[in-house]
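Here come two complexes built around chain A, the first alongside chain B, the second alongside chain C.
Let's turn to the complex of A and B:
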């Protein structure tokens, strides 16, 4: 995991007992996780322990900590990677353990946060169908053809979960083709899993 | 044999042979399976040899026969000592196939062990991870959305999404390093801003959703900038022999100069329209400010640009505003007039003003042209002036010389002598000075040469050191890369080791091998014991026969001597001879029985092996195949006949 100079410097400050005591450190780490996860923008540094620290320093440390957390989650870093990385910026074992426990606690929600940065197509959640039999229409006196009306109800992830419907009609052959293609897709997935 | 078969089947599976799970021993191998296994092994051992062979048996009998022949030939080529032919594959018997497969499996290259040393490529790892992920997701049952737990939410429903949207962040950096002295005042202000007013980064973006995106983007851009600088410094900066700061400032100056040139070239005053002249004057002004602050810090330069633009807007705004105010004031009293009047009036006013404007601009242009002409003429005039002054001073000099000669003329001879002596003295002085100069010059030149040499030496030294530094940099990078590679390999191997099944432990295998070895030792001991026993017995038998022979000879002689004298003794001699003969016969019979017994055992063994060869079924198969071949042949013949007809 690569860190830029400014982040490394911020983490070094964070690791330095001369600037931050251990309980200040844990408070700041907690604040960093919370500020990433909660959407409440105001009052990030309202914690009473953090009032006494130089605010500029605090803000720098906060930037470094949040960036480091996001990078770690992005790379799916395990304990050894994180601890070696923190060791490089002079964290002692106590602090890196404290960081790791907090990281472990918040990892899934952070993963969700990062995976939500995505533009995804709508998901099919349900399907219903109806078989119609057309005897004649306005132009032809005798048609006598069956047709399927398919309706997919979909869920669109973008802008919250809104559900909509996709309707289409098809002949038996087209439906068979669709089913065959879907089966093919499923089989391909199975084959890919047996690598 | 079970053990051997299991190992064989395992290694055959590894070569890609599709062996069913219920096949447990070589006995269950069908002809198709044998052919496939052998071909797969051949392909692994020697691709050129194996690629010509198909792993599946063809339906036609003669083609099958050919495949068998070619397989046998290939095995012979690899050095298989045992007997092999088409019958080995088509009409298999267990021991032959086993020995053939053992030979092939032993020949398999042990590449898998070496392949593990290389770290698997990133793509392979990624594919593995993807496969594992798909497997876990496939294992989960699909649930309708209303029944989903949070466990499924991640994979089966999309959840709220938003696109990647990064925002510029303002970050409190270079906190502990107020680097430049001239920036100290500014730094204090900035620091105060950081301390008092700067929002924490997570509150800066307008949407909370874009916080992670902005932070990641910011970090990535910082990283890439650092990387770019690193590569540039290593490729060019190091060779320029400057400190990084100097290199930076020089590069900045160069870039600014280029930008300035470009801008100047683009903004050559073209008095086409009013607006362009205004903008060009603005730009040139900007350029001047730009040039003036080239030595300053970039942010300062930015600041001056802003102040300039500010100045422009604000110095011009008041005039305009005053004009507008005046216009408004003139309009205000007549507000009770009808709107049309007002409009007409306004239009008239506008046209008048436009006219005025045009007039003014025309005037401006004219005046500008005049000014340009005048400046050109001023230049010309000043040049002329300079030239005149120069010629003037020259003339004054000549006048002075002539004046002096005229003064000297009355007492010409004396003055001539004086002048000559003066000339001589000055010549002497010149010579003296030249010699003096030479005296001083030689050591100075030496010194100069020495210093030059020193300088060049230093330069060489420094370039050598530069090369070394570069080499070191390269080495460092290489070692870092290698270390990274090794680390990833180590991690990968550990992961692989963790996934490997633990129950098939090494110790069990070694234990079993040791057991087998001790068994073999025991058997060997027994064999040697039995052998020595047999030898002893043989010896005893030999001794006994010898003793018997000797005793018989002695007895025979004694009894023969006496037999001449006594009739009863002769009878006994006869009995003795008969006894001896009968006994030898008996021994012979016993020996014969032994050999026959041995033969019987041999034959029994042979029967066993023949039983193992599945002769009956194989014969039936051969008969069938023979029929098939005949049928094929007759069909072919019929075809030929048809063709001829």
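Let's turn to the complex of A and C:
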């Protein structure tokens, strides 16, 4: 993993017992993970244990920690990569292990978060339907045809930032066609997963 | 159910009893053509010149036929009811037969045209799909994330549009399950009873 000078320096400060005791270190790492995963989490400055530390220093350490975490998750870094990286910025085994424990605990959630950040098309999350029987309208009487209203719920952007719906109607035959195609896709997916 | 023709409508169609049956047939053809593709004033003028009658007589005649056809198609009146309805026009039997034939031959198509006028949501036209596995992105390397890309083609008022969507395997199975339930519902006792009784 390549780290910029600023991040390396921040991590060195984190590693240094002269600035942060182990207790404060653990608190800061915890806050760093939490702030990445929840937009509503308290900031690093609100943590009662970290109030005594210089704010500029705290900010630098926090940025360094979050950058390192994101980079590690992005690269799917394993324990040896992380330890050797942290060793370079003078982490002792105790701090390195504490970081790794927190990393393992939060890795899956962070991966999910990161994989949801991309410019993908709206994601279909659910379908609802209604079955109607059309009897007549202003232009034609005795229509007597069943028709379906289908509504696909979709989510757009990370964490389902905006949700909307795709609504359309279809006849019985059209719905059969739609279901057949989706089923076909499902089967292909199943087969592909068994490879 | 009989069709009630207004006096004005009868008067407009009355012109057809003054011309040859061949002309009536031709007017019928034009009326159907106009219903399919929209009317064209030039044809009225041409026909009026040939027959040596005022343009508006031809126009009223053809429009009267168009109205007769759309109203009877709209109500889906039976063969017998159509015959009884046009009796009020006082045409010869030959002309009545001609009208009946015109109605029966074009009823289905006219109903299709009329049904497009009703209010409707975009309707399903086609679905294309593609199975992708996302391997990496700017924010995350080393992924294995199967996704199904969907292109849903919809049609609204003759205009086609397509929406690109995607979904994941679990949701896809859920979608299939849910839509199969929708298909099964039309075969349920409740729906079959309603469908049988509204005829």
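Just so we're on the same page, the second predicted complex is superposed on the first by the 102 of 195 C-alpha atoms of A that agree within 3 Å, B and C clash if a C-alpha of one lies under 4 Å from a C-alpha of the other, contacts with A are read in each partner's own complex, and residues count from 1 in each chain.
Quick note on the criterion: a residue touches a chain if its C-beta (ideal position, glycine included) is under 8 Å from a C-beta of that chain, and two chains touch if they have at least 3 such contacts.
Here the structure is a predicted model, which means the values were calculated and not measured.
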First (chain B), second (chain C), both or neither touched by A:39: first
Chain B versus chain C as contact partner of A:120, first or second or both or neither: both
Which superposed partner A:22 touches (first chain B, second chain C, both, neither): neither
Touched partner set for A:74, first chain B, second chain C, both or neither: both
Touching partner for A:57 - first (chain B), second (chain C), both, neither: first
Touched partner set for A:1, first chain B, second chain C, both or neither: neither
Chain B and chain C contact sites that coincide on chain A, given as residue numbers: 74, 114-115, 117-118, 120, 122-123, 125-126, 189, 192-193
Chain A partner contacts - residues on chain C that touch it in the complex: 73-76, 111, 114-115, 117-124, 127, 129, 131, 133-134, 137-143, 145-150, 152, 154, 163-169, 171-176, 178-183, 185-186, 191, 194-195, 198-199
Chain A contact footprint on chain B (complex, rising order): 127-128, 130-132, 134-135, 138, 144-145, 154, 156-164, 171-176, 191, 194-196, 198, 200-203, 208-209, 211-213, 215-216, 218-219, 222-223, 226
Touching residues on chain A, where the partner in the complex is chain C: 73-76, 111, 114-115, 117-118, 120-129, 131, 133, 135, 137-144, 146, 148-150, 152, 154, 166-172, 174-179, 181-186, 188-189, 192-193
Of all residues in chain A, those that touch chain B in their complex: 2-7, 9, 13, 35-36, 39, 41-42, 44-45, 54-57, 59-60, 62-63, 66-67, 70-71, 74, 112-120, 122-123, 125-126, 155-161, 189-190, 192-195
